[in-house]
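Got a structure for you, questions after.
Chain lettering (A, B, C and D) follows the sequence in which the chains are written, and residue indices restart at 1 in each chain.
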Amino acid sequence: MLQDALLIAGKDLRLELRSRVALNQVLPFALLVLVLFAFALDPDRGVLAQATPGLYWIAVLFSALLALQRSFAIEAADGNRDALRLSGLDPAGIFLGKVLAVSVQLIVLEVLLGIGVAVLYTTHIEGWGLLVVSSVIATASIAAAGTLFGVLAAGLRVRETLLPLLLLPVLAPVLIGSTRAFEAALAGSPSEGWPWVGLMSIFASLYVVAGVLGFGPLLEES
Amino acid sequence: MTTQLSNTSSGPDSTASRGTRILGVLALVSMAALALFGLVLSPPDANQGEVVRILYVHVPSATFAYIGCLLTTVGSAMYLWRRSQWWELVAYASAEIATVFTAIVLVTGMIWGRPTWGVYWVWDARLTSTAMLLLLLLGYLAVRRLPADHGVRTRRAAILGLLLVPNVIIVRQSVQWWRTLHQKPTLLANGVGAEIEGLMLFALFVGFIAIGLVFTWLLIHRFRLAWLEDQVDEAGLDVAIAERRAEGAAS
Amino acid sequence: MIDNWGFVAAAWAVVFGGLGGYAIRTIMRGRSLTRQVPPEKRRWS
Amino acid sequence: MVHLRGAVALLGRFPALAGVDLDLEPRRIVLLRGANGAGKTTLLRTLAGLVALAAGEATVLGVDLRTDRRSVRHRVGLLGHATGLYDDLTVGDNVRFWARAAGADADDVERALTRLGLDGRLRSVAVSRLSAGQRRRTSLACLIARRPELWLLDEPHAGLDQQGRDLVDALLREATAAGATVILSSHELDRSMQLADEVITIAGGIVTRDSDVAGVQVVPTDGGAEGHRGDR
């Protein structure tokens, strides 16, 4: 199962390296969202500084939607879904591989977006331990739930509109948790942030288990 | 599509049966009793005044909305585990009813909030998580009603149904923490008071009975309706196979 | 406090109207679908 | 090898297969012929375990498809109209990925690429830049690297040049010599008839004729038995 996961993750990441869709389209989109927030919320009155953690995670969440759409668009083309089913790969392995590939892409995006926030919003960054741990857990949560719902919407004519409807309400706890954890870290009181990391860990575990068990049936078309 | 008029046959021409008719009458009677006790006989609350009467319908509706969600999750689990079509229909029927109840809970909660809090909406933990629950249920229904193959949509919807209750728990927990970390839950202090008693308690009890009967009646009818939908879906398959074979034999 | 009867009436109207409307819709849909299904397949009869 | 009794398969609500009866011996090349929409593609996909059986019985490679469609899949090779390749990856990447997914090693990959003439410059070209014939060759390379026991080919000659078609025929003969069974559908009847040991004609989702190449009926088919549909 893990071998299959690494094979799939390697394939997805190699595909990203060759096509650079996430790098050339999703990342600029995320940075654009940051700039748009600055337009919408007056940067001189301190609103932007207060809202920084929330805006950051909103930008990550919307970019993640695009990355997930992309992750399933490559499998939707030209009979790849059939080929995957015929491949003999463990569905649980396919799920974990996709989660891994999306997570890696999101983490790269988060780092670059973090630099963007630090520069554009002049955020003073501290509380590194909590920032890193909560980012990793939140990313795993988004990728696991997103991959499960991604395959749920895959192959349907309404997939582009269905995925946000299904995914965003479910990810509400992750958005709340990651934002609060970042606020706590930036405010220099990390102890308030750790319970959120715990909650997000439960969320991530739930969705990893659901994906490992549910991916096989979901991959079937009839 | 085979259209058979059954006006002359022995079967009923609706989803009603003798049992549900009795149940329906009981539900109507108990709703009338609820109106009597809730609106006329019970006294106004010392703190909330007349507004407390909203709670006689609001609280039971919330309870049965949650019961509906629980049934959806259980039904989805049984469908995925045992391949039980019966449980799949239970999950679908109760999800739709739970959606109606959740919407009612949300609207009555907002109406209760206006005189109590002065605004229709506050970011109260219960109100917010109910709104999220409504969105989750709408997602389930959207998938269950997809214009796709029957097996595809039931299986995909069942995965969502299975995750419904865990999701609700996590969402509630997160919203609860989110609110309590920032402000003390003073608003909830005027909620259902601890000292409701006598006729007020009885009115609430009647509310549970009445809403529970309505819920059960709706569940049975919606289940039969879903079962009919499946039958209509499957009808014509035999005809289609025969036509297809004739096409082959003729060539 | 007198005004509050309006809120009570609105809330009860939502409950009775919502449940009643949904019940009627269910029955109506049931009737129209029943006609398309032969009686021997209706298990509750 | 392949054993179908009253097999019904649905595409949505359309019975693409309406009760197929079929028995095939191993190590043979079987030609599937029939008009467009007769059910050839659905039959191949059903044998690959991709389409669920709505009614009837089906056993492929000793696996009962009613209860288990998954364990037959990695033992068959299906070449459909769609190539199943990732456009943004190179030919080499694609073949390596699908071969490794099926548990093949690097030698199998090299052999397959060489056999299909893809070991030169084409190896590092992205699939999106290939011609239709080159794509076909790439997916054939993926297929032979997997060493399937049952080859299911939907119009394998389509889109290939003369040389490519000869190569396909040679590959199929090699495969049956090595113990595999081949079922192919084709409109290139002249070419396929020379290749095939057995010809199956299907129409309207049923097998109407099962004969050897000379036209001698192998199994009499009535083509009209009713009552195959069980409980769904």
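Some notes on this structure:
Heads up, the rule we're going with is that contacts are C-beta pairs under 8 Å (C-beta built on N, C-alpha and C of every residue); 3 or more make two chains touch, one makes a residue touch a chain.
Since the model is a prediction, treat every value here as computed from it, not as a measurement.
Each of A-B and B-D has its own count of C-beta contacts, and the greater count is at A-B.
Central chain assignment: A. Criterion: smallest distance from chain C-alpha mean to the mean of all protein C-alpha atoms. Distance between chain A and chain B, defined via averaged C-alpha coordinates, is recorded as 32 Å. Between the CA-based centres of chain A and chain D the separation comes to 38 Å, rounded to the whole angstrom. Here the CA centre of chain B is 48 Å from the CA centre of chain D. In chain C, there is no position where the chain touches two or more neighbouring chains simultaneously. Of all residues in chain B, those that touch two or more other chains are 149, 151. Shown for chain A are the residues that touch two or more other chains, namely 220-222. Chain pairs that touch one another are A-B, A-D, B-C, B-D. Here chain D touches chain A in the complex through residues 10, 45, 48-52, 70, 73-74, 76-78, 80-90, 93, 97-98, 100-103, 126, going by the rule given at the top. Chain A contributes residues 4, 7, 11, 14-15, 18-19, 74, 77-80, 82-83, 85-89, 216, 220-222 to its touches with chain D in the complex.
Residues 1-6, 9-17, 19, 31, 35, 38-39, 49-51, 53-54, 57-58, 61, 97, 100, 103-104, 107-108, 111-112, 114-115, 214, 217-218, 221-222, 224-225, 227-229, 231-232, 235 of chain B touch chain C in their complex. The residues of chain C lying in touch with chain B in their complex are 1, 3-5, 7-8, 10-12, 14-16, 18-19, 22-23, 26-27, 29-31, 33-45.
The part of chain B that touches chain A in the complex is made up of residues 80, 132, 135-136, 138-139, 142-143, 146-149, 151-152, 155-156, 159-160, 162-163, 166-167, 170-171, 173-175, 177-178, 181.
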